[in-house]
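Next come two complexes built around chain A: one with chain B, the other with chain C.
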Partner chain A sequence: MGRLLNVKRFTLGASAGLLALIGLLPLSVMVAYSFIADGSIGVRHYVDTLGRTRAWTLFLNSIALATFSTIVALAIGVPVAVLIAKTKMPFRRLITVCFSVPILIPPYVLATGWFEILGRDGLVSRFTSPSVGEMTSSWLFSLPGAVLVLSTAFLPVILLLSLASLRGVNPTLEDAARLFCGWPLVLKRITIPLALPGIWLSLVLVFLLAMGEFGAPSYLRLSVFPVESFTQFSAFYNAGAATAASIPMLLVVAIGLLAGSRLLREGTHYFRWAGSQVTPHHISLGRFAPLTSALVLIAALVLIVAPCAALIWRGFSGTAMNSALLQATDSIAWSLLYAGIAASGVALLGFFLAYASQRRSFAKWLWIDGLTLFLFAIPGTVIGIAAIVTWNHPLTGWLYASPAILILGFAAQYIAIGTHGIAAGLAQFSPSLEEAAEIAGAGWFRRVATILTPLSKTAITAAWLLTFIFCLRDSSLSLLLSPPGRETLTARTMTLMANGSPDVIAALCLISMLLPVIPLAIFGIAVRIVRKRA
Partner chain B sequence: MIEFAGVSKAFESKPVLSAFNLKIDQGERVVLQGPSGCGKTTILRLIAGFLAPDQGSILIRGKIAASNARICIEPEKRGLGYVFQDLALWPHMTVFENIEFPLKAQSVSAAERRQRVAEMLGRVDLDGLGDSYPTRLSGGQQQRVALARALINRPTVILMDEPLSNLDEELQAALTDQILRLHTEFAFTLVYVTHSKEEKRRLATRSILLRGGGAVED
Partner chain C sequence: MMNARRIVSRLSWFAFAAVALIGCRTARQETVTIYVSEDRVFSEPILKDFERDTGIRVLAVYDTEEAKSTGVMNRLLSEKNNPQADLYWANEPVRADVLRQQGVSTPFKPANAQQIPEKFKDPAGYWTGFSARARLFVVNKNAKFRPTSVLSYSDEKTRGRSVIANPLFGTTTAQMAALFSVWGDDKGKQFLAALKANRVKLSTGNGESADLVATGEFDFALVDSDDAVDRMRRGKPIEIVYPDQGEGEPGLLILPNAVSLIQGGPNPANGRRLMEYLVSPETERKLALAGCAQIPLHPGVAPPAEIKPIDQLKTMEVNYGDLGAKLQAIQPVLKQWVGY
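Right after this comes the complex of A and B.
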C-alpha cells in the first residue's frame, strides 16, 4: 500500500516538476535575464526599453487594441449568446457554428481574409474605385482594422463562455421571478446577473488574448508590445530589451487573472442545477423570430463568412493550391506532427495535473491551476523568448536546435486546456469509484488505466482536440521556435507573406483554415460509428 | 378558484396527466400526494403558467389561463405565490431584496416597499436578517424567506412544492404552524405537494391522491 502510494505521489510530483520545468523555469530565467546587462545586474534594459516614449505608446496601443476588441466582441457575443440560450430563434445551431468558426482560424488568416476585401486591390476596390480601396486599406491597416480582426477572432471565447454561463443558471431561479414580471426584467435582474461571473471571465480572457496577440497586429503593421518584443528579439537579437519589453505583459496578465479568479470564485455558487424535472424555458420572440434570426445571420455572414469566402475566392484555384502545396507540403506534415505530439503530451501531463488539482493531492494545488492559466494567458512571444533564453545553452543545445523546443513551448502555453478540461471531466464522477478499485487491491496505474481514463475519456479527447487546434493556429511560438527547414505551416505562410504571390498566400491561408477540420471530422466520424454500434 | 378541465400533459410522449379534472375553491388548503412522477409538480407548474396543457383547459378565477397547448395568461399576470422545492432564493440578492423584488416588479413606491418588507420580515421571524444573503441562512430561515417572498404581494393562491422536505421534524412542525397562521391571516388558497403524512394531517382541508396520470381520490 505504502509503495503504491509512493508511485502515485512520485507520478504526480514528477508531473508538477515537469510543469515547473517547461513553464516556470523559462519564465524565471527570462525575468532574471532581463536584469543582466553587460555581465552585471541592473535595470539598464528596463531603462532603455521602458524609459522611451515609444514604449508607452506601444503599451497604450496594446491596451487600446485589447480594450476595443473586447468591447466589440462583448457587444456582439453576449446578445447573440442570450438569443441562442434563451430563445427559440430559428437557425440557432447554424448561428452558433458560424460564430464559433474563428476559434479554428489563426487571427492572421482572418486578417488576410479582410485584406482580400478591404485591401488596396481588394473586392471593395474592384467593385467601387481605387480611391475607395486606398481608404479601406488604410482603415484596415490601423487600430480599427486590427480591432475588427481581433474582435471576430476572439468572439467565440465570449460567445461560448457566455452561453455556458447562461445555460448554467438554475431555471427555477428564473421561474421564481417570472411569477412577478416579464422576461425583459427577468433577464435584467436574474439571468444576466447570475451569468455575469462567466461573462466577466470571458472578457478578461479576450482582453488578455487580444493584448498578447502577435500574428494579426504584425500582419496589419500595428505597433503593439508583442510585435515589439518579437522585433527586438528576431530582428535586432536584443534579448535583454525583448525580455524587458515582455515584463509589462506578464504584469498585465497577472492582474487580469487575479481579477478573473476573484470574479469566478464569487460567482461559483450561482451555478446550481435545479434537477432533472425543471427544463429551461425559452422566450418567445413571436413574429420577430425570423427577423432576429436574419439579422444575426447577416452579422455572421459579414463578420465571419465574408473574410473566409474572400480567401476562398482568391486562393481556391488549381494553380494557387498546387503552388501552395508544392511550397508547404512538408510544413503541413510538420505542423500536424508537432501539434499531435504536443496535444498528446498536454493530454498526458494534463491528466496527472488535473488529478492532482481536482483531488487536492498537493497542499499547493491552487498554484498548479494558477500557473497553467498564467501560461495560457501570456503572449506566445513571451513564452517563445523565455524558452530561447533558457534552452539556448551549450548543455541544452540539442533541445534548442530540435523541434522539441517548439513542442515544449506549445505544451507550456496550452497545458491549461489539458488540466482544466480534464479536471472538469474528473469532477463528473465520484472519487469513491476509484476508492472501490483501490480497496479491491488495484494499484495506482491500474486504477488510472481501468477506472479513471475510461471514465474521463471524453474530457481527455476534447482536451487533445482543442490543444491540437490551438497548436495548429499558433503563430508567435511557431515563428520564434520552429527549427530552420522544419517550420510549421504558419511560420512558412507568414514568412512567405513578405514577398509571396497573393494567390499562393491566400491558398496557404485556406489550407491553414482547413487543417484543424481534419481531426474534427475524424472525431465526428468516430463518434458516429461508436454511437451506431452502441 | 382553480379548475382543471380535461387536462392532459405528456413529456417526451410519456403521459403524466390524462383528461385530468380538479376544482379547488377559494381558501381551501389542498394537499397533493402520490408516487414520484405521478404529476404533482406538473399540476403546480401548470397552475403557475410555466407549462401549458397539451389538451384541456385551466381556469383561474373563472378565466381561461391556458388551453390546448397555449398560455393565455402569463405567469406574472396570474397573481400567484410559489414556494419551490429548492426554494429558488436569488443568491445575488439579500433577504430584503429577495422579498422586495415582487413589489419592485409591480412598481410599488420605495417607501411602501421598505415598510411592507420590514413588516413581512417581522411576520416570518426574520427581523434583523434583511441584509444577509440567503446562502448565509439556516434551512429554516431560508424557508421563511421563500414564504415571505411568496406572500409579499398578497396573492390569492400559494403553491408549495415539498417546501419542508429537507428540514428536520421539529422545524417541519414549527413551519407548518407558521403556514397555518399565515393562511388564517392572509386567507389564501393553498395547493401543497408533499410526501409527508404528518404535513398532510396538519395542513390539509382536503387531500388528493394522484395515481396513473389522473385517478384522483379525495
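Right after this comes the complex of A and C.
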C-alpha cells in the first residue's frame, strides 16, 4: 500500500516538477538575466526600458487595443449568445458555427484577409478609387484596424463562454420570474446577472489574449508590448530589455487572473442547472425572427466570412495553391507533428496535474493552477524568449537545436487547457469510484487506466483537440523556437511576408485555415465509425 | 470499445512510424545549416537549387520582417558558445563583419569568388561579398523636386516631402554608418538633426518607403535597388535617381550580400561547399534575374535591365570592416534619434 502510494505521489510530483521545468524555470532564468547588465547586477534594463516615454506609450497602446477589442467582441458576442441561447431564431446552429470559426484561424490570417479587402490594392480600392484604398489602408494599419481583427479573432471566446453561462442558468428561476414580468425584465434581472460571472470571465480572457497577441499587431505594424518584446529580442537579442519590456504586461496578466479566479469562485454559487428535468422556455421573436436572423447572419458575413472569402478570392487559384503546397508541404507536416506531440504531452501531463489539482493531492495545488493559467495568459514571445535564454547553452544544445524546444514551449503555454479541461472532466464523477477500486486492491496506475481515463475520455479528447488547434494557430513561439529547416507553417508564412507574392501568401493563409479542420474531421469520422459499430 | 481501442492503437503506430521515418530521413541525409538575412522569397530558391544539385539538405533559418535583417545575426552572436549554424548569408557585409569582430566567424576564401573585386571581400576571408544592391533614390514621376544627393533630405524645398526607412534596421543602418564614416561624426549628427527639422517621414522599411513614393504620398526616398526595380516592374509611376554622382560627391553606397563561415559549426565541409555555390557567377546570374534584381559583382554577368552596370556608377569608397565598428558605435545615437 505504501509502495503504491509512493508511485502515485512520485508520478504527481514528477508532473509538477516537469511543469516547473518547462514553465517556471525558464521564466525565472529570464527574470534573473534581466538583472544582469554588462556583467554586473542591477536594474539598468528596467531603468532603460521603463524609464522611456515610448515604453508607456506601448503600454497604453496595448491596454487600448485589448480594451477596445474586448468591448467590440462583447457588444457582438453577448447579444448573439442571448439570441442563440434564449430564442428560437432561425439558423442558430449556422450562426454559432460562423461566429466560432475564428477560433480555428490564426489572427494574422484574419488580418491578411482584411488587407485583401481594405489594403492599398485591396477590393475596396479596386471597386472605388485608389484614394479610398489609401484611406482604408491607413485605417486598417492603425488601432481601429487591429481592434477589428482582434475582436473578430476572439469573438468565439466570448460567444461560447457566454452561451455556456446562459445555458447554465436554472430555467426554473426564469420561469418563476416570468409569472410576474416579461422577458426583457427577466433577462435584465435574472438571466444576465446569473450568467454574468461566466461573461466576465470571458471578457478577462479576451482582454488578456488580445493584450498578449503578437501576430496580428505585428502584421498591422501596431506598436504594442508583444511586438516590442519580439523586436527587442530578435533585432537586438537583448533578453534583459525584452524582459523589462514585458514586466508591466505580466503584472496586468496577474491582476487579470486574480480577477478571473474570483469571478469563477463567485460563479459557482449561481449555477444550479436543473438538467434534463426542466426544459428551458424560449423568447418568442414573433415576426421579427427572420429579420433578426438575417441581421445576425449579415454581421457574420461582414466580420468573418468576408476576410476569409477575400483570402479565397486572392489565393484559391491553381498556380498559387500549387506554389504554396510545393513550398510548404514540409512545414505542414512539421506543424501537424509538433502540434500532435505537444497536444499529446499536454493531455498526459494535464491529466496528472488535473488529478493533483482536482483531488487536492498537494498542499500547494492552487499554485499549480495559478502557474498554468499564468503561462496561458502571458504572451508567447515571453515564453519563447525565456526558453531560448534558458536552453541556449553547450550543455543543453541538444535540446536548443531540436524541435523539442518548440514542443516544450507549446506545452508550457497551453498546459492550462489540459489541466482545466481534464479537471472539469474528473469533477463529473465521484472519487468514490476510484476509492472502491482501491479497496478492491487495484493499484493507482490500474485505477487511472481502467476507471479515470475511460470516464474522462471526452474531456481528455477535447483538451487534446483544443491544444492541437492552439498550437497550429500559434505564431510567436513558432517564429522564435522553430528549429532550422523544420519550421511550422505559421513561421514559413510570416518569413515569406517580406516581398513574398501576395497570391502565395493568401494561399498559405488558406492552408493555415484548413489545417485544424483535418483533426476535427478525422475525429468526427472516428466517432461516427465507433458509434456505428457499437 | 475494442474498436475504439484498435483505432487509437493503429493511429498511435501510424504516428510513431511517421515520426521514425522523418527522423531517419533527416539523420541519414547530409545537412548544412545556414542563417539567412536575405529575403526568403529570393534566397530559398537558391538554397533549393543547391539541395537539388548536391543532395545536401539545407536547414535554414530566415529573418522575419520584424527582425529587420538583424535577427539571425544577433542569434549567431548569442550562439557563439553553442554554435548551431555553418554559414551566415547576410544581405549586406556590415553585419557579417560584426561577426568577424566578435569572433563568431572563421576565415575561408572560396575559389569561386576569385574574380569578385577585392573591395567586396574581407582581406582575411572572414566574409565574401556577392550580388549587390545599390542604395538609390526612388522618385515619384510627378514630384516637383528631384533629389541629386543624400543631402537633398535636408534641403528646405523638400520639407515634409521625403521618407526614409528606420535607420535602426536593415540597410539604412549601413547607409548611416557609411555617411558617418565618410563625413565624420559631427556632420553625421547634424544630418540626423536636419532630417528631423525638415520633417522627413520615418517608415518601417525600404519597401514601405518605396510604396509611399509610388502612391505619391511622398516625393522621394532612399531605398535599395531591389525595392525600386520591384515597384518599376509592377508599373508604379516611379523612376530611379543615382545619388551623389557629381564632382566632389561621395557616390552611392553599394551593399553586396556577404557570406561567412561560422566557427565551430556542425558541418564545416558542407558549409564551405555551400559558400562556393553562393558566390559563384551562376548564383549571381540567378539573383540578377530574380525579383530582387541584384547587381552581379563577377565581370561578364549581366545586370538587371533597370539598373546601370556597376562599372558605370560612382560608388562610395568605404571599408565595410570599418562600417561594422562604426555601426556599433553609432547605434546609441540612432536609437536616441529614433526614440527607442
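Note that the second predicted complex is superposed on the first by the 532 of 534 C-alpha atoms of A that agree within 3 Å, B and C clash if a C-alpha of one lies under 4 Å from a C-alpha of the other, contacts with A are read in each partner's own complex, and residues count from 1 in each chain.
Keep in mind that, in the parts below, a contact is a pair of C-beta atoms (placed from the backbone, for glycine too) under 8 Å apart; a residue touches a chain by one contact, two chains touch by 3 or more.
The structure displayed is predicted, hence computed values, not measured ones.
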Next item on the list: Following the overlay on chain A, give me a clash-or-fit verdict for chain B and chain C.
Entry: fit
Notebook entry, point to check: Regarding the shared-chain residue A:His281, is it in contact with chain B (first), chain C (second), both, or neither?
Noted result: first
Next item on the list: Based on the superposed arrangement, let me know which partner A:Pro193 touches: chain B (first), chain C (second), both, or neither?
Entry: first
Check: Touching A:Thr450, do we find chain B (first), chain C (second), both, or neither?
Finding: neither
Next item on the list: May I ask for the angle at the C-alpha centre of chain A between those of chain B and chain C, rounded to a multiple of 10 degrees?
Entry: 160
Next item on the list: Kindly classify A:Met494 by the partners it touches after superposition: chain B alone (first), chain C alone (second), both, or neither?
Entry: second
Margin query: Tell me the contact category for A:Leu185 with respect to chain B and chain C: first, second, both or neither.
Written below: first
Notebook entry, point to check: Touching A:Ala177, do we find chain B (first), chain C (second), both, or neither?
Noted result: first
Note to self: In the superposed model, which partner reaches more residues of chain A, chain B or chain C?
What the structure shows: C
Note to self: Quick check for you: in the superposed arrangement, does A:Thr128 touch first (chain B), second (chain C), both or neither?
What the structure shows: neither
Check: Once both structures are aligned on chain A, how many angstrom separate the closest C-alpha atoms of chain B and chain C?
Finding: 29
Item checked: Contact residues common to both interfaces of chain A (with chain B and with chain C) -> none
Item checked: Residues of chain A defined as touching chain C within the complex -> 52-54, 120, 130, 134, 218, 221, 227, 230-231, 234-237, 327, 333, 337, 340-341, 388, 392-394, 397, 400-401, 479, 482-487, 494-501, 526, 529-530, 533-534
Item checked: Residues on chain B engaged by chain A in the complex (per definition of touch) -> 41, 48-50, 74-76, 78, 80-82, 84-86, 88-92, 101-102, 105-106, 135, 149, 153
Check: What part of chain A is in contact with chain B in the complex they form?
Finding: 170, 172-173, 175-182, 185, 189-190, 193-194, 269-270, 274-275, 277, 281
Check: Contact residues on chain C for chain A in the complex?
Finding: 1, 3-4, 7, 15, 18-19, 22, 31, 33-35, 39-42, 44, 57-68, 70-71, 74-75, 77-79, 81-82, 84-85, 168-169, 204, 207, 211, 215, 217, 230, 291-292, 339-340
